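Okay, so subunit A shows up in both of these, paired with subunit B first and subunit C after.
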Partner chain A sequence: MRAAYAIAAVLVIATLPRLAPWLQFVLTLAIAKGFAALGVAVLLRAGLISIGHAMFFAVSAYGVAFLARAGVGDLATLLVLSVLTAALTGAVVGAFLIRYRAIFFAMLNLAVSMVFYALFAKLYGVTGGSDGLVVPIPSVFGAALDEPAFMRILFYLSLTLMVLVGLAVHRYLDSPLGHALSAVHTNEIRLEYLGIPVWAVLLIAYTLSAALAGLGGAIAGFAIGRVVPEFAFWTASGHLVLIAVLGGIGGVPGAFIGALFLEMVHTAAVTVTDAWNLIVGAALIAVIMFMPKGLYGLVAREEGTKR
Partner chain B sequence: MSNTVIPLLLDSLASAALIFFAAVGLTLVFSVLRVLNVAHGSLYSIGAYVAASIGLFIASRQLSPYLSFAALLCSAVFVAALFGPLIERTLIRWTYGKSEAVQILITFGLFLILEDLQRMIFGVQSLYEDAPVRLLGTSQIGGVVYLNYQLLLIGLAVIVVIGLRMLVRHTRLGRLITAVVADREMAQSIGIDTNRIFILAFSLGVFLAALGGALAMPTSGVAPGLGADTMVLAFAVAAIGGLGQIEGAAVASLIVGLARVLAIYYVPSLDAVAPYAAMLIVLLIRPYGLFGSVSARKI
Partner chain C sequence: MKQPILEARDLHVRFNGVKAADGVSLSIQDGEFLAIIGPNGSGKTTLLNLCTGYVRPKSGSVHLDGQNITRLASRAIARLGVARAFQIPQLFSDQRVIDNMMLALAAKDGLWTMVRPLETAARREEAEALLALIGLADDRKRISRTLPEGHRKLLDIAVALALKPRLLLLDEPTSGVSALERFPLMETLMGALRQRQITALFVEHDMDVVARYANRVLVWNAGSIVAEGSPDDVFRDPRVLQTVVGVA
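Here is the complex of A and B:
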């Protein structure tokens, strides 16, 4: 039943831009943020809240811009290399940060991400300062494309990746390695007694979450065509946590539901009011207070009662 | 040698004073309520906006410019009286005993709301009213010209550190706060009204935040985004000093101030990185901050 919902949802998303072309950009960006929020949600399973994941989002987007400037012009190569860059950065940063818990984990992520932000903004010669860098339109399997064609390909590629990566992450969360994450949250010491190295569980999760954020960042960089230091600012990281919680950290779909919902509401709201943050902030507080399982929790709970 | 050292130290002190005002409220609130208030930076910038508005009003009515000093203090009191009890009673109280993730998210939601409210009320242009700076004039120390206002801020920061210490150690309220910090349940069971302590402590934190914003406004003005920038700086300082350690925040402000000034003197492009780099180095070596400890938490 749940699979049927998911397939229906993906089909609806796939056809929407054919009906309303302006939605294509909104949806691409929503999926990009969904990937990053999924990364945050993976860590939230272990009870670790990161207010810094926008750094991997930005690292990957800058990676694309740098590689493009160095002459790499193929979409697939750029995506793979930039995601690897984000994963590698995540592995290095994670190796230091997974020792910490709770507020200290949150704050150290914040600190590292702000170092990245400040470097992106200040190293004018390398990163273009606050103007950022242009992300050119890459070729796809050797074919040079114009902008509309590339954006269409990018959208359907993102959608396909959302399904494939989503399934893979679902498998991961359902594996012993994934279940160990919730065990870290419940009782870390018991896990150590069982002979499971907590640091390895967390380092794998952290690297994976960085790679997911990186995938989102690369897609966002392509879709926007420019990468700026604000990609890494702490409020961007806060928004990723917000999306993850809004959607519900119970499962993979939550992050994407949260991102799609937020981007759609944003698109609708900006035509009426500019008090967008106020709406989001109030919604966040309401969701946490009254529906702790998030939007996805509404669906998931229904399923639970049927059984 | 001394030609560079004295201005460098004075610059660091002046910078540290402003940084201290941004961070002390955050660390005070954390020590008593054990809640990391992500909206702290917004309360700081609201203080700055209110101070700038009152200052501009005084200037437009041609009232005595000396009133602008009173305006700085009044705006902080006003913001604290308005927001302190309101936020603590509605949002913060709900998060007691919940996980840090929930506390951070609730206050992040509050941050988003307050940022937009400021934009709607005060607009997007930057406000600036430097009457207090102009009135105090300048003085020359070691061949370098300083704003007397900056020197005043250093004095005020010292007074606030000593004042908070006196409050905690030598007053009835301070002893009640200490009791609540040491053991919330035990304090409750011997008849201390913890709810009242929480409201008072949170409002005091809001007051310090708003005062910091108000005091910084005459030198640097206030513009959208100030709240978000202040927040991370306050985080960094509070974390370096050890969350909940007021003296720790003072020492951390000196460290960050010095790091920043050194960066400005020698590697100007890295001045924005300095506070976070200092925070990273300290936290990687001492995760609980310079004055923090795992179990015993004092203020």
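Here is the complex of A and C:
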């Protein structure tokens, strides 16, 4: 039943841009943020809140810009290399941060992400400072494309990756390593006494979550066509945590549901008033107060009552 | 004489000036059921912490099969075949009982996969068999947080057994278990230990349990061993009657 819902949802998303072409950009960006929020949600499993994951989002997007400038012009190569860059950065940063818990983990992620922000903003000669860098349109399997064609391909590629990566992350969370990750939240002592190295469980999760944020960042970079230091700013990280909480930390679809919901509310609110933040804020409060398990909790609960 | 499975030599540790272990030496032979008794706060749990790398001694050493494990991490000692059940059950409270068991089974051999699910048919069968053995078959789908304390205690022991240890350290296995269930539990547990040839060291407050199941008893007081011997001998010792049995 849940699979039927998911397939229906993906089909609806796939056809929306045919009805309203302006939605294509909004949806691509929502999926990109969904990947990053999924990265945050993975760590939430272990009870760890990262208020810094936008750094990996930005590292990957800058990675695409640098690689493109260095002459790499193929979409697939750029995606793979930039995600690997984010994962590697995640492994290095994670090696230090996974020793910390609770507020210390959250704040240290924030601190490190702001170091990245400062580097992106101040190293003008390398990063273009606050102007950022252009992300040119790459070729797809050797074919040079115009912008509308590329954006269409990017949208459907993102959608496909959302399904495939989503399934892969679901597998991971259901694997012994995924269960061990959830167990970090409840009992680290027992994990150690089972002979399970908590640090390794967390480092794998952290690296994976950085890679997910990186995938989102690369897609966002392509969609926007430019990467700026604000990609790494702490409010962007906070935004990702909001999406993860909004979607519900229970399942993989939650992150994407949260991202789509927030982007849609944002897009609608902007057309109504300049004070669109008010509407987005009110929507958030409503979800948090009335749906403690997030938007995904609604679907899951309905399923529960049917059984 | 056979080489002991676990040997502690001249352990010293103190917390804020309180001597929790003051020159303690002991050894456990393969196949033994060694009980440790003593008043509250005398350092019995600290001994288990010392033997499992959770607390480091100020001086002295711990050996497993002759290998010095004093400086090893708890997880390394666990992988060498020493499992522990806790006085306060240490469970994954948000997960189902069966998942607690399957994670313990996976920890032994199949943790490092991100692709295969935790729940495989073989692993589930093994987990269910262990749960049935310890009397938790009906609880297997429950979230472990919702179990009554006695059952949490049993699950904690079952999780330790799932590691297929050579040496099991039990910290008051029967505390929190109702008086009626105490002996049936010990019968099952001891049966399982004998069948699997697991050596056990248990800290225990219930003298009837100690008398019935221990091969040998160590009497612990204020950080040192004050008496040692078979249950019959130890319980006849006037010092033991005064310091331990009287208090307990």
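The rule is short, and it goes like this: the second predicted complex is superposed on the first by the 300 of 307 C-alpha atoms of A that agree within 3 Å, B and C clash if a C-alpha of one lies under 4 Å from a C-alpha of the other, contacts with A are read in each partner's own complex, and residues count from 1 in each chain.
In the analysis below, a contact is a pair of C-beta atoms (placed from the backbone, for glycine too) under 8 Å apart; a residue touches a chain by one contact, two chains touch by 3 or more.
In this text the structure is predicted, and so the values were computed from the model without any measurement.
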- Item | subunit B versus subunit C as contact partner of A:I224, first or second or both or neither | neither
- Does subunit B (first) or subunit C (second) touch A:A111, or do both, or does neither? first
- Winner by number of subunit A residues touched, once subunit B and subunit C are compared: B
- Task: Check the residue A:I51 against both partner chains and state whether it touches subunit B (first), subunit C (second), both, or neither.
- Result: first
- subunit B versus subunit C as contact partner of A:R190, first or second or both or neither: second
- Query: For A:V265, is the partner it touches subunit B (first), subunit C (second), both, or none of the two (neither)?
  - Reply: neither
- Touching partner for A:V72 - first (subunit B), second (subunit C), both, neither: neither
- Query: When the two structures are overlaid on chain A, which partner does A:G281 contact: first (subunit B), second (subunit C), both, or neither?
  - Reply: first
- Task: Report for A:L88: first if it touches subunit B alone, second if subunit C alone, otherwise both or neither.
- Result: neither
- Task: Would you check which partner chain A:L177 touches, where first means subunit B only, second means subunit C only, and both and neither mean what they say?
- Result: second
- Task: Go through subunit A and flag every residue that touches subunit B in one model and subunit C in the other.
- Result: none
- For the complex, which residues does subunit C have touching subunit A? 52, 73-76, 78-79, 83-84, 86, 90-95, 99, 102-104, 106-108, 110-119, 159-160, 163
- Message: Which residues of subunit A touch subunit C once you look at their complex with the stated criterion?
- Response: 171-172, 174-180, 182-183, 185-187, 189-197, 204
- Item | Contact footprint of subunit A on subunit B as seen in their complex | 36, 38, 91, 94, 99-102, 104-106, 108-113, 115-117, 119-120, 228, 231-232, 235-236, 239, 243, 269-270, 272-273, 276-277, 279-280, 283-284, 287-288
- Query: Residues of subunit A touching subunit B in their complex?
  - Reply: 44, 47, 49, 51, 96, 99-100, 102-104, 106-108, 110-112, 114-115, 118-119, 121-124, 233-235, 238, 241-242, 245, 274-278, 280-285, 288-289
